[in-house]
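So, here's a batch of structures to check.
You will see two complexes here that share subunit A, one where it goes with subunit B and one where it goes with subunit C.
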Partner chain A sequence: MRTQTLIGLAVLALCAGAQAQKSTADGIAEYRKMLEDGNPADLFEAKGEALWKQKRGPKNASLEQCDLGLGPGVVKGAFVALPRYFPDTQKVQDLETRLVSCMVMLQGFDGAEIAKTPFGRGEMANVTALATWVAAESRGMRFNLPQGNVAERESYEIGKRAFYFRGGTHDFSCASCHGESGKRIRLQDLPDLTKNPGDGIGFAAWPAYRVSNGQMWSMQLRLNDCFRQQRFPYPGFGSEVTIALATYMGVNAKGAESIAPSIKR
Partner chain B sequence: MKTPHWLVTALATAALLAGCSSMPSSAELDAKANQAIKSSFRDQGIAKTDRLNQDLGQSACSSDKPPSDAVADKIMAEALASVKLPANGQYLGDWKAGERLAQDGRGMTWTDASTDPKANGGNCYNCHQIDKKEISYGTIGPSLWNYGKNRGINDLSSPAFAPIAQYTWVKLWNAKAFAACSNMPRFGYKGLLNEQQLRDIMALLLDPKSPVNQ
Partner chain C sequence: MADPMRIRAQAAGDKVTVRVLMSHEMETGQRKDSAGKVIPAWFIQEVTATHNGKPVLTAEWGPSVAKNPFLQFVIKGGKAGDKVAITWVDNKGDKRTDEATVS
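Let's look at the complex of A and B:
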């Protein structure tokens, strides 16, 4: 309902823009600005916070003791330092896979079962809501991923190689679209992800609410759909390539301000 | 007996090196990355994991550095040799159908049903300006506005036509013929578009009647 009103207003804004002889780009910028006034991501954020505190799962426990990298229960600042290495799982993990580990360790959920649940359904929808809230708790903070551990540096190097890996029917890699500054697909600006693309751009903007399909998109889903459009086969949720790419983008984004959860067309 | 100073330093350095685990070599990281890529994807619909098996044109263009001149030359020569020119030397189809294909970005993803070229678009506007009336165009490739006109093709009998038509056909069939690491998909070589679809896109670019050349 709220979204429909927003879209209606935005369309009006676009029409008004056309009458005033504004450029299309101006009209679109205005549309995006209006959308920011009421971001439905707020609803997912609230759901995530409630899920964090709620006793759930076979162990009937909350996630309040979950260690996102800064110690048990520390949420603020965790998002802008992920992915990172976790000694208990002996893996580099992004926010979503770390949340699943906490759901397994603290609440007794079946991690493999969650990993194969489609986005937007069941416990996967809960992981996305939790990620939205955890990200929001670091809003305005700057990315600064740890690279002190060999596994973290290795993840970066693997991510860099995956970023440039060309394959599929169309010979695309991530770099085909995100390896240069100032490029567009149709009217969509493409962030250059080989460096810090700027505050709130690229890695610093997700999770995001997508107006075009009315869904909350986590970084895992963002990457998943990039690979779909790249004409690649299907990347597993939390697979090594997805974590390594997040490490690569996150380290490159060092110093960028997080605006997540943001709103996208 | 007093331990020589150099020995103390060497032992201390060795101890330090042993204490911190070291990074794998670049070649080891390449191998780890390939392993990670192989293990991270699964088949979904028409998008099978064999799409990760790279040919030379893909593997040699998979880093932030270009391949050596020798490798680039090999890729370009092989690409040129792969091109199938159109039957009966008929290069041009219908520019209206070409415009529809240029607008259409669909095809070959795991949510598409068929790998038949008939199910695919050309994706052209995603990366190129073509007809100026379409304001929603990408900028990864160069503008193609006035493509034929700028190359001196005012009518189909002009002497400029034959070489430009052949060059453009080769570019669409296998863009690696002219740039080893071109960003452009190899539409003919990879079976993304059939001959008739390529002819229609050719007409959009080269037909003097096409809006592109007004």
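Let's look at the complex of A and C:
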């Protein structure tokens, strides 16, 4: 009798535990839903749109003739096909490095100077705002990165290598956390980035506004944070490895719907 | 000059739901920078909303309101085409007013 009661209690306790866990995850989903309504990414989006049209820089020109891969001035749909190879710079570029190229070519800014600027400051803050707006213009569209050029395929392969490369004081790779589905760190679900993780998850969710620190995070900054967690030195802005990783994730995310700019805890 | 607000006002029946996103640092005055110096407080102190020029909401805010604040409220008796204007004043005396048309 006594044993039975104990088992009964244990079962009850298990149920309660499962329930509490579910409601926490639900609670977070609910919290995100509430935040979506007033996503401060909207503010960066508006800023980016104004910057795109504004005549700035030493050449006093706007970015309206910037070629993001679909022809000069075409913004809609550009984000879901980046990174890609650009013949004029002879490089595979992601959205941010391409924007910097345009700022250099059209507006006469110093690209190296911008790349050195910390995130959230000066022209780098403008690059992030521009990226937010460009990404927002492709909201609801599906990722389909070109892989026709040999440089694009090479970038993918380098990205794959980097993704599986274990290192750092804690000896782990991107794949250690993002190589299988159903994993999480504390309450953060970890997307499996070796395949399409689903609509609006992983690569399809950035740039995003981080509520916890009130910052707008671009993909370059997001990757920086992965390197930080790996206890690696920060990669240079727009360096080959960051673009290769973006290519790898972007190609894997083929067919995923972009919800960027999204909102994160 | 402060960045613009995002104001969305939608009519449903005789009610207008107004959603405002303000761009502001909302520094509490409790934080320190990397050099250990206190970052001075800088936050929105007063928010007012008008509906066709008539005040419908005034609020006194403090440093506990989050960065880039979001405000939502309902105006009774509003309709599409009405003007809704929001003004904030921060503790440095900086202010910003933006207007939206109810849709």
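In this section, the second predicted complex is superposed on the first by the 243 of 265 C-alpha atoms of A that agree within 3 Å, B and C clash if a C-alpha of one lies under 4 Å from a C-alpha of the other, contacts with A are read in each partner's own complex, and residues count from 1 in each chain.
Please note the rule applied: contacts are C-beta pairs under 8 Å (C-beta built on N, C-alpha and C of every residue); 3 or more make two chains touch, one makes a residue touch a chain.
Remember, it's a predicted structure, so these values are computed and weren't measured experimentally.
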Are subunit B and subunit C a fit on subunit A, or do they clash, once the structures share the same frame? fit
Dominant contact partner of subunit A by residue count, subunit C or subunit B: B
Return first, second, both or neither, reflecting whether A:R184 touches subunit B, subunit C, both chains, or no partner chain. first
Applying the touch criterion given at the start, work out whether A:T89 contacts subunit B, subunit C, both or neither, answering first, second, both or neither. neither
Would you sort A:G38 into first (subunit B), second (subunit C), both or neither based on which partner it touches? second
Quick check on the superposed pair: does A:N60 touch subunit B, subunit C, both, or neither? Answer first, second, both or neither. neither
Under the stated touch criterion, which partner chain does A:R153 make contact with: subunit B (first), subunit C (second), both, or neither? first
Looking at the overlay, does A:G168 come into contact with subunit B only (first), subunit C only (second), both, or neither? first
Minimal inter-chain CA distance - subunit C and subunit B, angstrom: 12
Using the superposition described at the top, list the residues of subunit A that contact subunit B and also contact subunit C. none
If you look only at subunit B, which of its residues touch subunit A in the complex? 21-24, 29-30, 32-34, 36-37, 39-44, 47-49, 51-54, 57-59, 61-64, 108-111, 115, 123, 125-127, 135-140, 183, 185-186, 190, 192
The residues of subunit A that touch subunit B in their complex are 24, 150, 153-154, 157-158, 160-162, 164-173, 175-177, 179, 182-188, 190, 194, 227-229, 231-236, 239-242, 244
Subunit A contact footprint on subunit C (complex, rising order): 3-4, 6, 19, 21, 23, 66-68, 70, 72
Could you please specify the touching residues of subunit A with respect to subunit C in the complex? 37-40, 42-43, 46-47, 211, 214
